[in-house]
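Scrolling down, you'll hit the structures one after another.
Two complexes are shown next, each including chain A; its partner changes from chain B in the first to chain C in the second.
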Partner chain A sequence: MTSEPLLRLQGVMKRYGDFTALHNIDLDIQEGEFFTIVGPSGSGKSTMIRLIVGMDEVTDGSIWLRGKRIDETPANLRPTCMVFQSLALFPHMSVGQNIEFPLKLRKIAHNQRRARALELLELLRLPPNCYAKRISQCSGGEQQRVALARALAFDPEILLFDEPLSSLDYRLRKTLEKELKDLHHRTGKTFVYITHSLEEAMVMSDRIAIMHNGRFEQIAVADEIYSRPVSRFVAEFMGEVNLFDVEYRDSVLTSSDLTIRPNNAAKADPADGKGQLMVRPEDVRFGKDTNDFDYVLFGQLMDEYILGSRIQYEVRTAAGKLVTVEKPREDRTQYEIGSEVILGFKATNTHFIPAD
Partner chain B sequence: MPALRSTRIALLIYGLFVICLLYLPLISVGFASISRARYISFPIRRYSTQWYGEALQSGTVRDLLVTSLSVAVIVTICSVIIAFFGALAFARYEWRYRTVFQKLILLPIFFPQTVLGLALLMWFNALGIIPTWKTAVVAHLVWITPIATLIVAIRAYGFDSALEEAARDLGASTRTILREITLPLLMPGLVTAGLFAFLLSWGNFPLSLFTTGADSTLPEWLYAKMVSGYSPLVPTLGIMSVVASIFLIIISFAVIWLVQKSKALTQV
Partner chain C sequence: MQRLNNKLGLFSALPMLSILAIAFFAPLLVVAIFSSMPPKVFTLTHIPDFSAYSVFFQQGFYRSLLWSLGAAFISTVILLVVCWPLAFGMAKIFKSFTLVLTIAVVMSLFVSENIRLFGWVLTLMKGGLIEGHMRAWLGIGFDSPLYGVPVIVFGLVYAYLPFMLFPLAQGIATVPDDARQAAADLGASRWQIFAQIDVPLAAPGIVVGCLLCFVLSAGAVAESKILGGQAIITITDDIETAFTFGQDWPLGSALSVIFIAIVSVFALLAISVVDLDKIMGRKR
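The block that comes next holds the complex of A and B.
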C-alpha cells in the first residue's frame, strides 16, 4: 500500500437533516482492487457509493480520484460508473442502444459504436443476436450482463455495484458471482461492490469492509474478518458464531459460561478486562473426555439440522446457553437428541473480542 | 377455474345491456340525421342524406368547425406542454410544497363547470378583456390542464428514477436526459393526454357558453338550435362530430403504432 491510491475518501460525512448516514469515513482503494462493502440495510453503504459517483453531495470531507478532487464535479463529468440495484436499463432502447448510450454521448461514429458493443457482448458471453433484442425480451441473467456491458462501454476508472445480484435466484447468483470475479481479472478494472450477503463478498473480494451505522467496523481480507473480528457485530455478521462472556484478570481468563482447564487459562492476550470469547461452530467438537479440550462445556443435545453437506447441532449448556456445533455430513454424531454431551474446543480456535 | 355456465350467460346479458345503454342514444341520433323530416319523429318515414350535403356546404357550419378546431388544437398543445412539466413536479420530484400542489391542481376538476365558466367571465370583465374564442381557450385550459397533468402523472409514477440517474452517470447532461430518456418514456402518456385534451375541448359546452363571447363553438350552436328553432342539421353535425372524433382516435393510435414499428426496424 505504498503507491498512491486510485480512490481516496477523506473525512467524508453525509447528513440528511438530523440523521447522519456516514460518520467521518476515511478509505483508500488501490487500482485494480475488488473491494466489497458489506453491511445490513441502512448501514450507509449505498449512500457511500452514491457520494462517490456523484448522485449525492458530501456534507463534509473530500473524495479524490488519482489525486484529483472529484466531490464537486457533477456526476456526468466524473470518470466513475455504477451498476444499479434495479440495473436501470433503458426500456425504450434495444440492448445495442443501451450499451452504445455512453459512446453515443461522446459522438463516436456509428460503426465504431456497434463494433465496441459487439465486442462487449462477447466479453460478457452474450450471443451477438442479443444486440437487436429489446430489454424486456432478455432474461434476468442477460439483463445483468447488459448492464455490465453498458458500464464497461463507458470505460470508467472505477466501477461501482449497488447490490445488482440481490434480485436473482440462488443458482444464477452463484454463476454471476464467479463471472464477475473472472471479469475483474480480465478487465483489470477497479471494482467497488456493495452487498448485504457475506457469502457474495467472500467469493469475490480482495478486501472486505464491514459497515455498521455509518461507520466501518473492520476492513480486511475475508479470512482475517472471519477468524479475527474486531467486534461482536462483525463476528455475528460473519455467519454463525458462539460467544461466551469472559474476563481476563492479571492475564488469567475466567468465565461463568465455560469450564476452563487450568493449563490453558492464560493466553497471550494483551489487555485485562471483560469481553467475549468467540468460537465458530465448526471448531466446536463433541468429546468423551474433558482432557480432549482446552475449554469444556457440559450440556444436553437439543436439536439437529441437516444443511446439505453439513449438519448443525444445538446444545443447551448447564448454564442455560445455546451453543451451535457444525460438522461435515460424514461425521454425523451417534448421540440421540436429549442425551447429555460433552463439548469443547481448542484455545487456538478462539478469538477474544474486548468489550467496547 | 372456468366460470359456471349460468355465470357466463349472466355476464353476457349484462355486457349487452351496458353496450345498448351506451350506444342506443347515439344510434337514434344517427337515424334522426338521415331522416328527411324537419323534426325529430319516430318511426322515420323517409330517409335522405340531404342534411349531410347541406352541412358540408353551409358557411355557418364551416365557421363553427374552424372555431371549435382552433380552440381544441391550441388547448391540446398548451395543456400537454404544461402537463409534462406539471406531471414531473407531481410525480417525480421531491419538493417542499409537492403535496399542496398535488391537491391544488385537482381543485378545478371538482368545480362545477358552469360556476367555473361564470367565474372566468367575471374575471375577464373585471380585467376589461372582451370574450372571444381566445378567452375560451384560457377557460378550457383551466379545466383540462389538470386532467392532462393527471394522465401524464400516472405514466410518470411508473418511471424508475434510477433511469435518469443512470443516464447522468453515463455522462448525459440534463438536456440530453430530457431528450433521450424522460421524453420518450413519457410519450405514451403525453399522446393520451393530448387526445383527451382535444376531445374534452371539442365537446365542451358549459365553459364555452360563458367565455366565447360573440364567437360560437359547435356544441354551443347545437344547444342554441335545440332551444330555439330546431334544425335537422343538429343530429347531422352531432354524428359528423362523433365520426371525426373516432377518426382522430384511430389516427393517433395508428401514429403510435407506426412510430413503435419504425423504432423496432431501426434497431435491427
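The block that comes next holds the complex of A and C.
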C-alpha cells in the first residue's frame, strides 16, 4: 500500500527477564481498518497492545503513529485508547461520570461534557436514563457499552480491544460482535481487536493476524487464512482440519497416508520437499467409486457427531489415521457406524503446507 | 430459613454480646451516672446535680481538651501524608519486601510504648545520643528538642504509625490496577490518578486509618508526659488527676463523658461515610 500506515510497529521486541514475549514484530495498520489479532493465551497478543497504548515499555524496536514515534511517550499522552478485558470501569463513578472522565481531564465545560456523554449513550444504543446509573447497577452488556462509550469520548486515533467480550454469554457476545462491527462503520475509527476466538475474528475483521509464541504466523484476510494457511499451527487454529504427511519429489506427490490417482495429483506450485497436505472436513466426501476423487482413502466409519446444522463423521483409515468429514445436515449419509467406506477429495480443495 | 439464620446469628453473637455488656457497656454506664453526682462523692446513691459539668467550663478543662484534639488532628494529618507513599509501596510495588516491612513495623509494637518513648528521651535529650555525640565529635551543641509541643506531635506520629500504615495499605490494595491503568490511558496524569482514582477508591482505608490514629492520639497521655514533660496537659491527664490526686470521681467521669461524646461524634461521622464491609470483606 502506498499510503502511510496509521500505526507502524518496527522490530518491536519485549522481554520479561529470560522470557521473550514478542520477537521482532513488524506490523502496519491502515487508517480505518478493523484489524484482529488472534492467538492462544500466552501468544503475546495482550503484551503487544499494552505496548501500543503505553502500559508497558518496549525492550527494543519502535512504534509509530501517523509517522510520529510514540513508544517513548507516556501512556496518558498517547492518542490511543484501550477497552480492557475487565472493562476497568471506575466503580465509584456513575455511568455519566465514567464517560465524561476523559473530557473532564481536558477541562471541557460541564454542559458540553454532558451533551457528548448523552450523544455517546445514543450511539451505543443505551437509554439516556443510564446516565445517572451506578456502574454496579448496569448489566454486563451495558457495562460493555459504557466502557466503549468512555473510550470513544477520549476520541483516540486508534481504539484497541483486549478480549472485551470474553466474559459474556454466547448470545450477548454475538449481538455485541455485530454492534461493534457496525460501530466501526459508523465511527470510521481504526480498531485493533484481540481475541482467542477465531469465530469472533472472522465475523468482524478486515484483516486477521494469527499470533503464536510471540510471532505473527500469518496476516491476511479471513478467507485466505482459512483456505491457505502458511503453517500447521494456523491450519489447526483455524478450525477442524485434516493433515496428511506428503512429499513432493520431482513435482510428484507421494504419501503413505493417501492413495493418489496419478493423473490428477500433480500440483506444480510447491518446490520439492516434505510437508503436509491440508483438506478441510467439509471438502472430504464419501464415494462409491475411487474414480470420483483425486485423492482416495479407505476406512471404517467410527463415529457420527451432530453439530446442529452440520454432521461430523470420524473415519479411521487403513493406515490408522483419523479423518474428519463434515456435511450439511440435509446430506446426512446412510452409512452405519462400523461400515467400510471410501473417502476422497479433489486436488483443488487441498493446500500444501511445507514443513518448517 | 432466613429467620432461622437470623436466630442462629443472634445466638452465636451472644457470648460476645455478654462480654461487651459486662466489660464495656457497664463501666461506661457507671461513669455516665457518676458524672451526674455532686462533687467528691464515691457512691452512686446521691441526687444527681450535674455540677461536675459546670466545673469543666469554669476551671478551663476545655483547654486541655482542645490541646488533645489539636495534637491528635495534626499528628493524624502528618501520619496520613507520611504513610501514603509507604502504604502505596506496600500495596502495589514492593513484593516480598512488604512482608519484611510489616514484620518490622509490628515488631516495634512488641516493646512497651513507654519504654520506646524513654528510648527517644535518651536519644534526644541534652547530652543524649545525638546531642552528646555532636558535642563530643564536632563541638556543636544545641538545645534539646524535648519538652515542647512539636516533640509531642512527633511522639504521637511515631507511636501510632502502624495504625495508619496498615489500614491505608489495605485500602490502597483494593484500588484495582486496571482502573488506574485505564485512567492513565484516558489521559490522566499521576496527580489526576491520585486525586480521582486512588483517593476515592482507597477511602475506606483512609477513613479507618485516620479514625484509629485520631482516637488513639486524642486519648494519648504518655507522649505529653514523657517526651513533652507536660508542656501541655492533655484531657486524659486531667481525667487521671481527677480520679487520683483530685479524689473527685464525678469530675473525672464528667470529663470522660465529654471526651467520649466528642470522639464518638467524629467516629460515627467517619464510619457513616464509608462502607466498612468493603474493606473488611471486600463486598462489591
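What we mean here is this: the second predicted complex is superposed on the first by the 356 of 356 C-alpha atoms of A that agree within 3 Å, B and C clash if a C-alpha of one lies under 4 Å from a C-alpha of the other, contacts with A are read in each partner's own complex, and residues count from 1 in each chain.
Criterion: contacts are C-beta pairs under 8 Å (C-beta built on N, C-alpha and C of every residue); 3 or more make two chains touch, one makes a residue touch a chain.
Bear in mind that the values here come from a model prediction, so they are computed numbers and not experimental data.
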Chain A as common anchor, with chain B and chain C clashing or fitting: clash
Partner chain(s) touched by A:C81 [first = chain B, second = chain C, both, neither]: both
Touched partner set for A:A132, first chain B, second chain C, both or neither: first
A:K288 touches, of chain B and chain C: first, second, both or neither? neither
First (chain B), second (chain C), both or neither touched by A:R171: neither
First (chain B), second (chain C), both or neither touched by A:K107: neither
Partner chain in contact with A:F90 - chain B first, chain C second, else both or neither: both
Partner chain in contact with A:R186 - chain B first, chain C second, else both or neither: neither
First, second, both or neither for A:M55, with chain B first and chain C second: both
Set intersection of chain A contacts, chain C complex versus chain B complex: 53-55, 74-77, 80-82, 84, 86, 88, 90-92, 101-102, 105-106, 150, 154
Residue ranges of chain B touching chain A (in the complex, touch as defined): 160, 162-163, 165-173, 176, 180-181, 184-185, 263-264, 267-268
Interfacial residue positions of chain A with respect to chain B in the complex: 53-55, 74-77, 80-82, 84-86, 88, 90-94, 96-97, 101-102, 105-106, 132, 134, 150, 154
Sites on chain A touched by chain C in the complex: 53-55, 74-77, 80-82, 84, 86, 88-92, 101-102, 105-106, 136, 150-151, 154
Footprint of chain A on chain C - complex, ascending: 176, 178-179, 181-189, 192, 196-197, 200-201, 284
